[in-house]
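Structure in structure tokens, see below.
For clarity, chains are labelled A, B, C, D and E in written order, and residue numbers in each chain start from 1.
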Amino acid sequence: MEEFFQQLTNGLAVGGIYALIALGYTMVYGVLKLINFAHGDLFTIGAYLGLTLLTSMSLMDSLGVFFGLLLLVLMVMGLVGLIGVLLDQIAYKPLRQSPRLSAVVSALGASIVFQNAVMLIYGARFQVYPQDILPRIVINIFGMPVPLIRIMILMASIFMMGALYFFIQRTKVGTAIRAAAEDQGAARLMGIDVNRVIMLVFLIGPALGGAAGLMVGLYYGQINFTMGWIYGLKAFTAAILGGIGNIPGAMVGGILLGVIEALGAAYISIAWKDAIAFFVLILILIFRPTGLLGERVAEKI
Amino acid sequence: MILKLSNLTKRFGGLTAVDRVSFDVEEQTVMGLIGPNGAGKTTIFNLITGNYKPDEGEIVFQGQSIGGVWTNKIVMLGIARTFQTIRLFQNLSALENVLAGCHCRMKSGPIGAMLKTPGQKQEELWALEHAMKQLQFVGLADRAELLSGNLSYGNQRLLEIARALATNPRLLILDEPAGGMNEQETEALIELIFKMRDSGLTVLLIEHDMGLVMKACNRLVVVEYGKKIAEGTPEEIQADSRVIEAYLGIDEEE
Amino acid sequence: MLLEIENLHVKYGNVEVLHGININVDEGEIVTILGANGAGKSTTLLAISGLVKISGGLIRYKDEVLNKTPAHKIVRRRITQAPEGRRVFGTLTVAENLNLGAYTSTNHERTRKNLEWVYELFPRLKERENQLSGTLSGGEQQMLAIGRALMSDPKILLLDEPSLGLAPLLVRTIFNTIKEINKSGVTVVLVEQNARAALKLAHRGYVLEVGNVVLQDSAEALLSNSEVYDAYLGGKG
Amino acid sequence: DTVKIGLMGPMTGPWASEGQEMKQVLDLLAEDVNENGGLIGKKVEIIAQDDAGDPRQASLAANRLSTMDIVAVVGTYGSSITEATQNIYDESQIIQVANGSTAIRLTEKGLKYFFRTCPRDDEQGRVGAQTIKDLGFKKVAILHDNTSYAKGLADEAKALLEKDNISIVFYEALTPGERDYNAILTKMKSSKPDGVFFTGYYPEAGLLLRQKSEMGWNVPFIGGDATNHPDLVKIAGKKSAEGFYFLTAPLPKDLDTPEAKKFVADFQKKYEAPPNSIYAVLSGDGFRVIVEAIKSTKSTDPDKLADFLHKKLTDFPGLTGKISFNDKGDRIGEVYRVYRVDGEGNFVLQP
Amino acid sequence: MKEKRYIVYALFVVFLLTAPLYLNRYWLEVLNSVGLYAILGLSLNIIVGYGGMFHMGHAAFYAIGAYTTAIISTSYGVPVLWLMPLSGLTAGVFALVVARPIIHLRGDYLLIVTIGLVEIVRIALINNVFGITGGANGIFGIPRPTLFGYKIFKSHQFLYLIWGCVAVTVFFFYRLENSRFGRALVYLKEDEIAAEGSGVHTARYKLAAFVLGAFWAGMVGTLFAAKMTIISPESFSFWESVLYFMIVILGGSGNIAGVILGAFLVIGLPEFFRGLENYRLLMFGAAMIFMMIFRTQGILPPRQKVFDVSRFRKGGEPI
């Protein structure tokens, strides 16, 4: 039983990170119906930029852990967000009117470019975050030791999800984003500056991915240029599992995927863990074809 | 009697879009289905064509119950339709659109196609001819090779009818065929409907253009809030106070 | 002159569909544009709203040339359009759609009043306030599209076939509403297949044929013009 | 006119750091040869081709190299990648010296021109099992990563340990490239092993060590030669890495031959860092035996070279110890040493 | 216009036939690789290009075919080329079983499920499922194919074998494209509801597209196994599927000539970039983006079908 709960928290920790990346995925998808395969690489870039900023500016020393970290997170998010906007302007904007799969190929191309650019800039070797930047605090929850950082990652995901959900569902700009997602021409006729909206989305989505990259760096320490591919795929899976385009769905999907992986590894087989996760995904989609929380808008005929 | 609806019901969540509707359609007549917006007319069509499954009630077509049967099967049985918002294959030529209608009257599969068996060849020739005939029938033969998306709105409506006709239907279902047509084009459409009826087809249509409805239909069914509120000849319906109140309104002028 | 279209050319790809048309709209007028299918009526409206690129000529609003102004800024000049084909936001609720109609407005009181007014015009929309608009019936969507355009308090309202798919009773409501808001000072440009009703309502009309203005006159004159009658009103039967 | 020697390695893709370091090593060594008068009166030229760690691309790279007049080729990394190229070189009569391809069967085919400077899995398995026995473990967990190298090593060790009645309480594979192995460690912990033999690569090993110590579990870990990499300590942190044992061919810094000393110094000078990857150093040895063969036979005839390497090369002073080949092309002799990571993160050769 | 196109095709065939005269082994091998991927692309094109389904797991079917060939040829000594239909069949049946429950999924949901499929297959292969796949080592010692008594092992021999298969594929698929079956797929891509309303059994056609595509990919698996003589799970990763996908979309989805061109670009281009070493993939990725931006519909998008309708006109006038 204790092992079960231990595995559950393992799953939650992994799932929290999947969720955070999935949020950015879903955000971009929600507006452009574009599977941004480069999202995982923006996550990688976040991890690398975080490392560079961390080691070159020694923020923690001058500002203390809390404010140093805050500033670091903001800087990484800002920079990755800008890269995201740039990516959109170069690789996706010219393809707005063309078939959806054309943009997918462009995204795959962008993914290759990012991955190799990181390799050329930072080298192919693994990079390592300085150890013990964050105080290693372990909290006891029902007699089970849980590192504080895990709780922080989960909280961060939940907070971001909440904020994003509120923003998209309840604010005027959020409604405009959803409108632009559906029919850009009609959105223009409402007075919505669609280009700005898309830019905003490409600022927020990648920024979230970048933040996740930074967290992975801080938590696990080890980063390399190919890491985004696996995480990106997992996050995409999570987003679909929850219902792509749906913000709470990304959260639920991410957490669930993490937990399935941990429990699958624990009680079935470690080597088959990913296969198990995909199998569960397929099962869920067979019965809920638009994911757990995805809306099933019957097409009006 | 070619089609018989009895107690047909369809709910969307809490909303009963079609509420115990029953009516019959006689062979080789033009039947009109009218009613206010959101009354459930299109939903009735979708139930007949198998796009939705009825919650209750029965649909009998030529003596066979077809409630909840797959759409393509229903097309095979002889019911074809057009859509309220035009649904053509925009990136294909007019002719290819009509060939889609021929599909269900053909048999050959992928292997036959790859080997180009004599039967398959024959069939393709037949389809081409059959499709051209339908285009001719609606008057679009000279537009056969244009992209359907580039046709004018009225012609797109006609093309949809041609595609439906290509399935060799017994019953043709038209959802607002005159929408977006001007009066002259509507006149031509009425002629076409008569031509179809005279060739042995039965037509069931939804339309808000009273000119067309009164001229073209033999009988009318009126629905409101999912319920049938009246049925009769156009003259009877025009005089029905309930229909006037719910749908037609009182003409201040004329 | 409130709105002035001078020698307007528009192309789709390589195909020119408007070959230099001239249309003027005075403040407080209802102007209707008639024409067969594919004549370029919708294209004209889209050009005014900035949704299609102009390849020649100019569009002037008051003293400002709008040729290069992006669509969302044109809306801020309070030129609003209810486009052809409804184009409601299907994944948004009815209420959200209507509120987007007032996206550019900052006067909340005014927006609230407009919403009430729209609901009064189309009680059906009030009933379906929280339904996703993608599941509305065709006519209900049409009501929503018009209601959404009314929400923005336009100075110029561009309506593209507003009566399409509406029941006779509602068609009347729509035309009465147009008359009403016009009286309250809104200028209307109306494209209609129902030419008779449109001409009865309008002050002046233009007739478009394959991308050219072939006729322009007062509404009464057009109503009694035999060419117009043959082409759009009676037909040969 | 030059003597062309090919290098086939993963210059892009997930193993790019290995391929790129292989190239650095060979460039350095070739420079050295050229400065010292070249080879049979000509200069040596290294022609590198990317195999991206993918069998199909490797076979293209091999075809490309075999049309470029090379005398011999060094590489590559990964057994199944190497295997996809063996026939191509054999048919073109090009000497191939693999550096990171430890699967047993590669040399069991009787290919005349194929050699490898890395020892085979069975050799390492044997040493691994012996080390575990020496450390006195009774219950052992074995973790591999389902690559053909790690699986091969794990299988060998498992068979040998079971023969000696040491119980294998845990035997599974992780997915390489992930970051969080807590679920695996939790599961492994519940099987209560005395020691863990991890046969995979250093990035995962580093994470395992780190996450293991964060869990507060201090079971000893032993790794195979793929964990021999200074980044292991960087990833795990000095504290977590302390006490980690691994088997490997000796590091150049631990050899007191002049060749090894010079190599380490030159490498440090040219690239401002010590060599990281043992496989890159093994590729250097591949290059050096080829050079030695050409020098000694004064020929670039593949048959003569192969013959020399098979029979005449004995106890050649390599960067990783003495090198001789048997008639299958396998490196013979005791190659493996046991290292332990000390509290400062240094790799200390165990007696 | 039309003639010009045929001249290009003819020149291309002549080029392939005479390639061994002036290309070295390496470039022949590149052509072989392109040929294999061209067939794979064409088989995927049925599903993605005509049917419009987002399928990124095609390597799964390819893998099933290749492993079927490898296992049977190594353990029962059946000549490799004889195994082509059987490998195709195995892949086809596998597709039938796995695609059936997921065929109703839309767009991106289908995409992730197919990605899941290829991952599950790869993981199963790596874990030596049923003890027959050889795990990460894969299967080695696959015999060379023989054709009419000739053993095929030289690059130029494979060139003729592989491009012969491409030709056969083009021949069949061209007919398919211009048939009831091909059209039905295009209809359901354009508008599923309208297709269904015209009497197309959309679910069955989607499934048929999957099975046919898988069958063909399975047969290519045989060629691949015979050519490499060793196969291992690395060759059937998700990234492989992505390559086929890019071939189809970049070349021009739904167009046979486009897909073949796509294979040249996606597989050939990285070979031209070999000189760039570490920059190779960077350039490749950038090239992908730029080609897509400049030809947003793919390099050679499908042309409108022409039908001979002159018979229906009298004296040039439509009847």
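In this text, a contact is a pair of C-beta atoms (placed from the backbone, for glycine too) under 8 Å apart; a residue touches a chain by one contact, two chains touch by 3 or more.
All values reported here derive from a predicted model rather than from experimental measurement.
S.K.: Quick one: which chains contact chain C and chain E both?
M.R.: A, B
S.K.: Along the shortest chain of touching chains, how many steps lie between chain A and chain E?
M.R.: So the least number of steps between the two chains is 1.
S.K.: Give the label of the chain whose average Cα location is farthest from that of chain B.
M.R.: D
S.K.: In terms of C-beta pairs in contact, which of B-E and D-E ranks higher?
M.R.: Counting C-beta pairs in contact for B-E and D-E gives the edge to B-E.
S.K.: Taking each chain's centre as the mean of its C-alpha atoms, which one ends up farthest from the centre of chain C?
M.R.: D
S.K.: Would you mind pulling out the distance in Å between where the CA atoms of chain A average out and where those of chain C do?
M.R.: Those two chain centres are 43 Å apart.
S.K.: Taking each chain's centre as its mean C-alpha position, how far apart are chain B and chain C in Å?
M.R.: Each chain's C-alpha centroid was found; their separation is 29 Å.
S.K.: At what distance in angstrom does the C-alpha mean of chain D lie from that of chain A?
M.R.: Whole-Å distance between the two chain centres: 36.
S.K.: Can you give the whole-Å distance between the Cα centres of chain C and chain D?
M.R.: So the centre of chain C lies 74 Å away from the centre of chain D.
S.K.: Would you pick out the residues of chain C that each touch at least 2 other chains?
M.R.: Chain C, residues with two or more chain partners: 135-137.
S.K.: Going through chain A residue by residue, note those that touch at least 2 other chains and give them in order.
M.R.: Residue numbers touching two or more other chains: 116, 119, 271, 274, 299, 301.
S.K.: Which residues of chain D are in contact with two or more other chains?
M.R.: Each of 12-13, 16, 20, 146, 173 in chain D touches at least two other chains.
S.K.: Using the touch rule from the top of the page, what pairs of chains touch, sorted by label?
M.R.: According to the stated criterion, the contacting chain pairs are A-B, A-C, A-D, A-E, B-C, B-E, D-E.
S.K.: For the complex, which residues does chain B have touching chain C?
M.R.: On the chain B side, the touching residues are 12, 35-39, 41-43, 84-85, 152-155, 176, 179-185, 187, 208, 210, 246-249.
S.K.: Could you pull out which chain D residues touch chain E in their complex?
M.R.: Against chain E, the touching part of chain D is residues 11-13, 16, 20, 48-50, 52-56, 59-60, 63-64, 66-67, 79-81, 83-84, 87, 103, 105, 146-148, 151-152, 173.
S.K.: Show me the residue ranges of chain A that touch chain E in the complex, using the header's touch definition.
M.R.: Checking each residue of chain A against chain E gives 29, 35, 90-91, 94-95, 97-106, 108-117, 119-120, 233, 236-237, 240, 244, 271-272, 274-275, 278-279, 281-282, 285-286, 289-291, 299, 301.
S.K.: Over in the complex, which chain B residues touch chain E? Could you list them?
M.R.: Residues of chain B touching chain E: 49, 51, 70-73, 75-76, 80-81, 83, 87-93, 95-96, 99-101, 103-106, 108-110, 112-114, 116, 120, 123-124, 127-129, 132, 136, 141-142, 144-145, 147, 163-164, 166-167.
S.K.: Going by the contact rule set out above, which residues of chain A touch chain B in the complex?
M.R.: For this pair, the touching residues of chain A are 301.
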